[in-house]
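In the two complexes below, subunit A is the common chain; its partner is subunit B in one and subunit C in the other.
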Partner chain A sequence: MGRTAKDSLVKGIIYLATGITLSVLLSIVGFIFVKGIGLVNWDFLTRDYNEKVVYAFVESGEVPLSIDEESLKSKQPYDQRYETLQEGPIYVENIGAAIASVSYKNHSTEREQIVISYIEKDSPLNGAIDSTGKAITIGTDYILQSINGTDFGDMTLEEVAETITAESGELKIKVVQPGGGIKSNIITTLYMVLLSLIVALPLGIFGAIYLTEYAKPGRLVNAIRFAAECLAGIPSIIFGLFGMAFFVVAMNFQISLISGSLTVAIILLPVIIRSTEEALKTVPMAFREGSLALGATKLQTIFKVVLPCAVPGIATAVLLSIGRVVGESAALLLTAGTVAQIPGTLFSPGSTLTVQAYYVAKEEGNIELACAIGIVIIVIVIVLNILSRITSDKLDVFNKK
Partner chain B sequence: MDTNIKFNTKNLDLFYGDFQALKSINMEIREKEVTAFIGPSGCGKSTFLRCLNRMNDLIDCVKIKGEILFDGKDINGPIDVINLRTRVGMVFQKPNPFPMSIYENIAYGPKCQGMKDKNQLDALVKESLTKAALWDEVKDRLNKSALGLSGGQQQRLCIARTIAMNPEVILMDEPTSALDPIATAKIEDLMSSLKKDYTIIIVTHSMQQAGRISDKTAFFLMGEVIEFNETPIIFTNPHDKRTEDYITGRFG
Partner chain C sequence: MQAIKRKKRKETIIEGFFLICAFVAVISVLAITVFVFFNGLKPFISNSYPIWDFLTGVEWRPGSNMYGIFYMIVGSIYATFGAILIGVPVAILTAVYISELAGSRLGKMIRFAVELLAGIPSVLYGVFGLGIIVPYVLKISPMAQGESLLATILVLAIMILPTVVSISETSISAVPKEYREGSYALGASKIQTIFKVVLPAARSGIMTGVILGIGRAIGETMAVMLVCGNPIAGIPTSLFDQIRPLTTNIALEMGYASGVHQELLYSTGVVLFIFIMIINLAVNKLVKAKVGS
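After this line comes the complex of A and B, so read on.
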């Protein structure tokens, strides 16, 4: 084989490998997007995972329908993959809204329900309050269950419409806010990021300062570095097991936010130590000498000169760490749990986005929902990466001429 | 004892591990004079200079024997190193302004000593920059980063920073070797004007520079001081053959 032939063969293989890698990556992201994008909307981000029953107090009114029957019929705001229209819609004037009967079918449940399909602009429902007088929203995919104590139970849609029309004055309506949202997971993720950084960042930075500025190079320092490197390579499930045995059981923190964040903090430590150390090492010796020669103490030198120079590197470490927390699943599964709720205290459980994605896919077989959560995670990671570029440029003291 | 003697070293030996970099140095450095150290590369000039404000503390393997008396007190004894360094300032070969504003660079040292009063700091910054002949060039950009200055300006800033500490001695290790001739001339002028207030010790590779600015010159060779005398004598009538060889360029 000639040289040029060999060259082009190698070139071909390189191109092919690159092509395969790229297309695999793109198709994974594409798959997640295609599967999940239908579920991603504002409600998805701001609702609880569990359905919520609300009693709404509404002053009945008399609101005529302002659109024609055809366009009323076309309004089907509910998720059409799970819900199919059975009857209706019927417009009810005293609540200024249209109701419809749909059958709901999800992986684990199947039922018939009455939902609100359309709400007029000046519908009394828009002024709904709860029993404490606080304003609440009623959306177009909420489920109606009873009015003034009359349960809709096995009624047909017509009967329901008649029942509602027969009522007047103040109405007490039992509605169900649909679940499936990830608000609690977003908030749990935020808590987890904040708590683990609060613990790991000071420890990691001081550890790195000790290693680079104070420790005499030798066996001990090498041992610490080696340990940190090993820790970085250990799969997180091991940390999860440790966290479970130590924080959850031995310290009796239970499966909770605090157990989870402390476990993750341990996972983060080596990352933070390593990148801070790298950042500190790139600070020229000349700055330290210059500072000491001016009669500054070692501590002043470190905090006033060396650390500010290392800030971009530390910022990168922080963003990497956030990425780590957002992406962590195995360790959190064991230590923070899978309960989709906003943790009330440090000692309540909660599931982060990643854990939730695992949970709905594995336990409920709901791939679409898992992919929708996947999209949110991907977006967060991309935003973090962009941020890390911007901040490390912005914070760089050498950039500000 | 002669009260005009600032530094007095007695049988000073210095080792980097097993390597002896300074061999039995005896030298008296007088107050408000400019003393120049010359000698071929690696002969220990910087090492000796760094002994005088204990910058060698930063290097782990350094061992020192003998005495270095500063105003009659051994600086390797139980003294306050921070205090020593405020009294003996240092300017390095490569300008090393901190990556902060010009103002903060000057105010850094005094602030580290606990000076907080804004007016006092403002006045000190202005005075130091004026003394370092830099005020007019930077007075409009005090809050800009010092890294935006030219090399020569940066070096004068480093001198100003040192002056702000109001030291008694200023050590300079080849302060102009990274600068062009014009910037060098400015710094040399500056040194002549600083001479009346400060004791200056300068390491230089330029014979002309040593000749122009110094009162005394020490010739170092392989860790030893071969000759230490009035500058004109060193350059016109050296006592040692090796000094003469070096001065006339017949050496390494």
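After this line comes the complex of A and C, so read on.
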């Protein structure tokens, strides 16, 4: 084979490899978006994962239907994620809302439920309060279970409509807010990010200051650098084991937000130390010398001159860290648990978005839901990526001149 | 005089404080090592489970007090090796394309894509594997399920791409221009220059990337857990066999294990830890060798 032919063959292989890399990326992101996008909506982001039973107190009224039958039918009465329409909808005047019967699929069990499919603008349901007098929202696709103590258990849709119509005055309605949302996971993730940064950021920044500004080359500095490198190389499951042994068991923090965030803080240390060090190194020596020549102490120089110049670098470190926390799963699985709830205290468990994605994929086999959570995660990752690009560009100003 | 002295003392104290902060990294590494090893070696020291049975056993049945991890070690090694075999060539060639063949704009775009790939959490790779790779493997597999060594290898191969690409690309870009010019001057073509001059010159950097890739593959948990099958026994003999790597063994059972069972999960961690330490030392040595030359 001639040289040119051989060269173009090799070139072709290189193009092929690059093509594979790119198509893998596209297919992963594409897969997650295509599979999950149908589930991502406002309710998905703002609802809890678990169903919530609410007792609502409503003053009954007489609200006529303001739209025609056809458009009432076309109102999607059910949450498309889990349900199929069986009967209805029927409009009930005294609560100003339409109800429909759906077969509601909850994980593995399937049962018929009465849901609210449409709510009039001036429906009394919009003024619903709970037993403490706090206003609550009742939305379409909430499940109706009983009214004034009459359980809808085995009733048909017509019977339920009649029962509701027969009631008047103050109605006590038992409704179930459907689950399947990720509000608690989003909030847990935020808590986790904040807590771990509060711990890791000062440690990492001060550590980096020591390494760049004070330390003289020697055994101590080598040990610290070697340790940081080791930390960066340890897989997260080992951090999880350590967190389990130390924070959960030895410190008796239980599987909780605090155990999880402290474990993650250790994972973040090398990330923060490294990027802060890089940032401090870009600050020209002349700045320090100028400051010292003006009579400033070393400490003043660091805090008034060096650190302000390194702020974009530290911002990059923060963004990278947030990405790390959002992406972390194995360590958190062992230390913060898989309970989809908003942690009430530092010592209660909660699952972050990533852990939740794992949980629904593995334990419930619900790939669509995992992909929907994946979309939220990928959007966060992309935003962080772009932001960190901007901040790290800002850092290069000293060297560009 | 007094004021200067006080100032000096303050400076020393704060320097000490900074040192302590920096030292937290060292303390963490020590604490992690001590805690994991302490818990992991307990069952062998207290003789509640023989270490030989642990290391050579091929069945993990906590119910009947059988804890062998040999088949997991084999599974871990097979999966990592397979992933390297597939992922590394693709990654190095992609790195070559980015730094040598692509224009600066196209190169930048691909680099951004690779960085994005690196930022995707491992769970999502697992979900992708479960949703796409596992069903495809099932189609060609003689077994009844798609979760297999092959699926694990493919997912891991994808996962090590960004690591190996970005490190190889950096070290290829770092090869001095003169090397290439010298090669061209001798009449070599671009492709010959890349493979005979540039890649050998960037060898140690690429090796570092590969070893970090190995580290990532062997330590990966969540993605693998979704696609590997996690059988309770059996050394894998074909690509379609299920495997249970060391990492997933820990993550699967840690939540509810207790007593010897839990301690032996820590022991699994110790074995994994030793693998990782060997890899870390190799990286360290390579990086030092590079600085030396």
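In this section, the second predicted complex is superposed on the first by the 385 of 401 C-alpha atoms of A that agree within 3 Å, B and C clash if a C-alpha of one lies under 4 Å from a C-alpha of the other, contacts with A are read in each partner's own complex, and residues count from 1 in each chain.
Quick note on the criterion: a contact is a pair of C-beta atoms (placed from the backbone, for glycine too) under 8 Å apart; a residue touches a chain by one contact, two chains touch by 3 or more.
Being a predicted model, the structure only gives us computed values, none of them experimental.
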| item | value |
| --- | --- |
| Partners on subunit A (subunit B, subunit C) - clash or fit | fit |
| Which superposed partner A:346 touches (first subunit B, second subunit C, both, neither) | neither |
| Superposed model, angle subtended at subunit A by subunit C and subunit B (C-alpha, nearest 10 degrees) | 70 |
| Partner chain in contact with A:194 - subunit B first, subunit C second, else both or neither | neither |
| Which of subunit B and subunit C A:251 touches, first, second, both or neither | neither |
| Which superposed partner A:297 touches (first subunit B, second subunit C, both, neither) | both |
| Greater subunit A contact set [subunit C / subunit B] | C |
| Which of subunit B and subunit C A:309 touches, first, second, both or neither | first |
| Which of subunit B and subunit C A:287 touches, first, second, both or neither | first |
| Touched partner set for A:21, first subunit B, second subunit C, both or neither | second |
| Contacts of A:378 with subunit B and subunit C, given as first, second, both or neither | second |
| Lowest C-alpha to C-alpha distance for subunit C against subunit B (Å) | 7 |
| Common interface positions of subunit A, toward subunit B and toward subunit C | 297 |
| Residue ranges of subunit C in contact with subunit A within the complex | 7, 10-11, 14-15, 17-19, 21-26, 28-29, 31-32, 35-36, 38-39, 89-91, 93-94, 96-98, 101-102, 110, 112-117, 119-128, 130-132, 158, 161, 165, 189-192, 195, 212, 215-216, 218-222, 225-226, 247, 250-251, 254-255, 265-266, 269, 272-273, 276, 279-280, 283-284 |
| Subunit B contact footprint on subunit A (complex, rising order) | 216-217, 284, 286-297, 300, 304-305, 308-309, 397-398, 400-401 |
| Subunit B residues within the subunit A interface of the complex | 53, 55, 58, 60, 82-83, 85-86, 89-90, 92, 94, 96-100, 108-109, 112-113, 144-145, 147-148, 158, 161-162, 165 |
| Subunit A residues touching subunit C - in the complex, by the definition given at the top | 3-4, 6-7, 10-11, 13-18, 20-22, 24-25, 27-29, 31-32, 35, 202-211, 213-215, 223-224, 226-231, 233-242, 244-246, 250, 266, 269-270, 273, 297-299, 323, 326-330, 333-334, 338, 354-355, 357-358, 361-362, 367, 370-371, 374, 377-378, 381-382, 384-385 |
